[in-house]
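In the two assemblies presented below, chain A is common to both, partnered first by chain B and then by chain C.
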Partner chain A sequence: MTVPPPVLTATNIRKSFGDREVLAGISLEAREGEVISILGGSGSGKSTFLRCLNLLEVPDEGQIAIGDVQAPLARNRHGRLEVSDGRAAARLRMQTAMVFQGFNLWPHLTVLQNVMEAPLRVHRRDRDEVLATARSLLERVGMAGFHAAYPKRLSGGQQQRVAIARALATNPKLVLFDEPTSALDPERVREVLALMRSLAEEGRTMIVVTHEMAFARDVSGRVVHLMNGRVESSGSPAHMFGADATAAFRAFLAPAAL
Partner chain B sequence: MMDDLSLLGFGPDGWAPLLLKGCMLTLAVSATSMAIGTVLGVLLAWARLKGPRWLRRTALVYGVVLRGVPELLVILLLYFGLPSLILSLAETFGWDAPGLPPPFLIGSLSVGLVSAAYQAEIFRGGVGAIAKGQFEAARAMGFSDLQCFHRIVLPQVARIVLPALGNVWQFNLKDSALIAVTGLSELMRTSLVAAGSTRHPFLFFGVAMALYLVLTTLSSTAFHYGGRYSNRWDRG
Partner chain C sequence: MGEHLTFIASVTALLVRAVPVTLLILAVSGVCATALATGLTAMSVARSPLPRLIQRTWTFLFRGTPLILQIFMIYYGFAMVPWIRHGILWTAFRDPVFCTCLAMTCCCSAYIAEIFRGALAAVPRGEIEAGRACGMTGFMLLRRVIAPSLVRIALPSYSNEIIMMTKSTSLASTITVLDITGVAQQVIAHSYRTLEVFCAAAALYLLINAGLSALLAALERRLDVDRAVPSISVPPTLEPLS
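Showing the complex of A and B:
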């Protein structure tokens, strides 16, 4: 069996906010079809790391490539890394999609328009094709009856399922999930996790920042534990949740086991 | 009494055609100044929010000055002050002396410059009221800044700013009366002339008042429905 090509290569990502170092050099590679869960306490840098991958945050150091697009990062005259080419940044982002903790659906667009917006306006795909994809995605996430609804009328779980359909609408190489269930009621959490599990099973490449240990253990192929801006430990779920786990990861898990 | 009424009619000594023309001119000046104010206001708001430091400062000073001086002064400065400056320059360098500038253009421009200062504040507040996640969702999908502005920011800002813009429009409409000093025969100037030449000031100023009220009421109704439409997705 051949090893699938890497979809994401992030090398030595560093980021400080003022004097506080949030990311102290993190590298991560994701291969096609891989599902990686990033775990860590609050302030461990997991969300910041995820947001560096699509340049919502500009790292202070490091390199990022998604597919065959290199992140356009270059030093400015003060020696700080910055996005040197807006179009290239957009090309990088077009390979990815992001699902947010707060859903961030566009309130002035209907459910269907939310899903169709990026493939139509950014990828400039054929309208009929985009419509067909959007319909089948909304069916897939169980929101087929809500095409004309505005986001405000939907529950949190429904909004997040629409946001996932929106993320998939461009058929991205890599989907980034930033604590997708943290703002949801427990019963809504289940419906969103079930959907994410089905995406994993169909071979989507996903990086998931989460507090859902069951998802990390049962669905992801690799678990990465961040602590103080570094990868404290990483490995398969069997390894990470088994007898060989590091003391630090056990300590992180302990409150959840109570 | 019959005399009075024929003064307002369409007959040979009636003022109706001129008054109506004055109304149209008032609307045209107000709309032009509003448009100038919106374009310049958006640019000023952008400068305040995203511009480099010198541009932020310039936009701030612009707002302080144009909101802090009487509009009549701006009109006088642009219509009488500026040409006299140009005239003295022309004499110095031996150019041909230019005439007075076109009143419509200068009138719209002066009211528009002031309007821009107020509109900039409104747009700045409107953009500030949009959740950060809205921009992030667009950027994360590869939207350019322009696409993000056009597709995501503008429709949401419109909902927030329309009521306040309605107020600015109403001010524009009333401030356009100040342009009467340039001799442009908009509604105010026309009723001044009519009042003077017929010696019926109460009648003509009363009629002017009624016509201004019609214009402001109609336009605030239009803004009300525009506001409802731009708000359709937020009514749950």
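Showing the complex of A and C:
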């Protein structure tokens, strides 16, 4: 069996905010169809790391490639890394999609318009095609009856499902999830996790920053535990949640086990 | 009593003929001030310090001095400058309507730019990030994500500013413009019937502002997605995570 090609290669990502080092050199490779859960306590840098992957945060050090396209990062005259080519960065982002903790749907657009916006305006795809895709995606996430609704009218779980449909609308190579269920109440968490599980099963490449241990254990193919801006340990769920788990990861899990 | 009414009726007829002048000043300075304010807002978030400094200085000067002084300075003051007095610019600066429009454009653009600047800061960051995350840049991000939110946030304060501007147009009467207030003062000079004339003039301003308020409120309602009631039909069903 051949190993699928890497969709994402992040090498030695470092990031500090002022004096505080948030990421102390993290490398991660995601292969096609892989689902990676990133776990860690608050302040471990997991969200910052995820936001570096699509350049919403610019790392201080490191390299990122989506497929075989390098992120346009170069040093400016002060020696700081910055996005050297905005268009190239945008093209890179067009290959990815992000689902946010706070949904971040565009409030002035309807559910259907939210889903159609990126493929229609950014990718300039054919309208009929985009509409057909958007309809089937909304059907898929269980929001078929809400095409004309505005985001404000929806529950958190519904908004997040629309946001997931929006993320899939461009058929991205990689979907980044930034704590997608953290702003939801428990019953809504289930509907969003069920949807994410079905995406994983159809072979989407996903990197998920989450606090949902059941999701990490049952759905993802690899678990990465971040601590103090470093990869403390990583491996298959069976390994990470089994007898070989590191003491630090066990300590991290302990409150959840109570 | 009947004499009062016929007088007010005839005065009102005179004043109504001055309404286009008031509306002209309002329309020209309203449009120009809004356009200028948009530029100033862009300058206020520029990366290099010079545009930001220009915007701050502009606001400091035109918000910090009385509009009437600005009008006087442009109309009477610029007439003292030889190269304006004897140059091609004089055709514009000798016209009091032009001078009023120019002063109001400068002054009100400073206020409107502050309204836009505040609204820009209030556009939720997450909406912008969602735009960037899917590959939007520059103008598209501005037009598709930032502007729609900005307009909705700014509109109530902006409406307020437009209403204020309507009333400010009356200052044109101080430099000989025969707008509603100018005609009113002319009629008073002949008739000495202050109360009736000013009441009739005030009524006209009220009417104009009532119309503007209704228009702006309609726009606000139209943009308010919360009022548009969607058709929610099928409740979603999903398999729970086992």
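What we mean here is this: the second predicted complex is superposed on the first by the 258 of 258 C-alpha atoms of A that agree within 3 Å, B and C clash if a C-alpha of one lies under 4 Å from a C-alpha of the other, contacts with A are read in each partner's own complex, and residues count from 1 in each chain.
FYI, contacts are C-beta pairs under 8 Å (C-beta built on N, C-alpha and C of every residue); 3 or more make two chains touch, one makes a residue touch a chain.
This is a predicted model, so every value here is computed, not measured.
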Simultaneous placement of chain C and chain B on chain A, clash or fit: clash
Touching partner for A:122 - first (chain B), second (chain C), both, neither: both
First, second, both or neither for A:142, with chain B first and chain C second: second
Superposed model, chain A: greater residue contact from chain B or chain C: C
Touching partner for A:197 - first (chain B), second (chain C), both, neither: second
Contacts of A:214 with chain B and chain C, given as first, second, both or neither: second
First, second, both or neither for A:106, with chain B first and chain C second: both
Touched partner set for A:152, first chain B, second chain C, both or neither: both
On chain A, the residue positions that both chain B and chain C contact, one per complex: 54, 56, 86-87, 90-91, 93-94, 96-98, 100, 102-108, 110, 117-118, 121-123, 150, 152-153, 170
Touching residues on chain B, where the partner in the complex is chain A: 131, 133-134, 136-145, 147, 151-152, 155-156, 159, 233-234, 236
In the complex with chain A, residue positions of chain C that touch it: 124, 126-127, 129-138, 140, 144-145, 148-149, 152, 223, 225-226, 228, 230-241
Of chain A, residues touching chain B in the complex: 54, 56, 86-87, 90-94, 96-98, 100, 102-110, 117-118, 121-123, 150, 152-153, 170, 176
Residues of chain A touching chain C in the complex: 54, 56, 86-87, 90-91, 93-94, 96-98, 100, 102-108, 110, 117-118, 121-123, 141-146, 148-150, 152-153, 158, 161, 166, 170, 190-191, 193-195, 197, 214-215
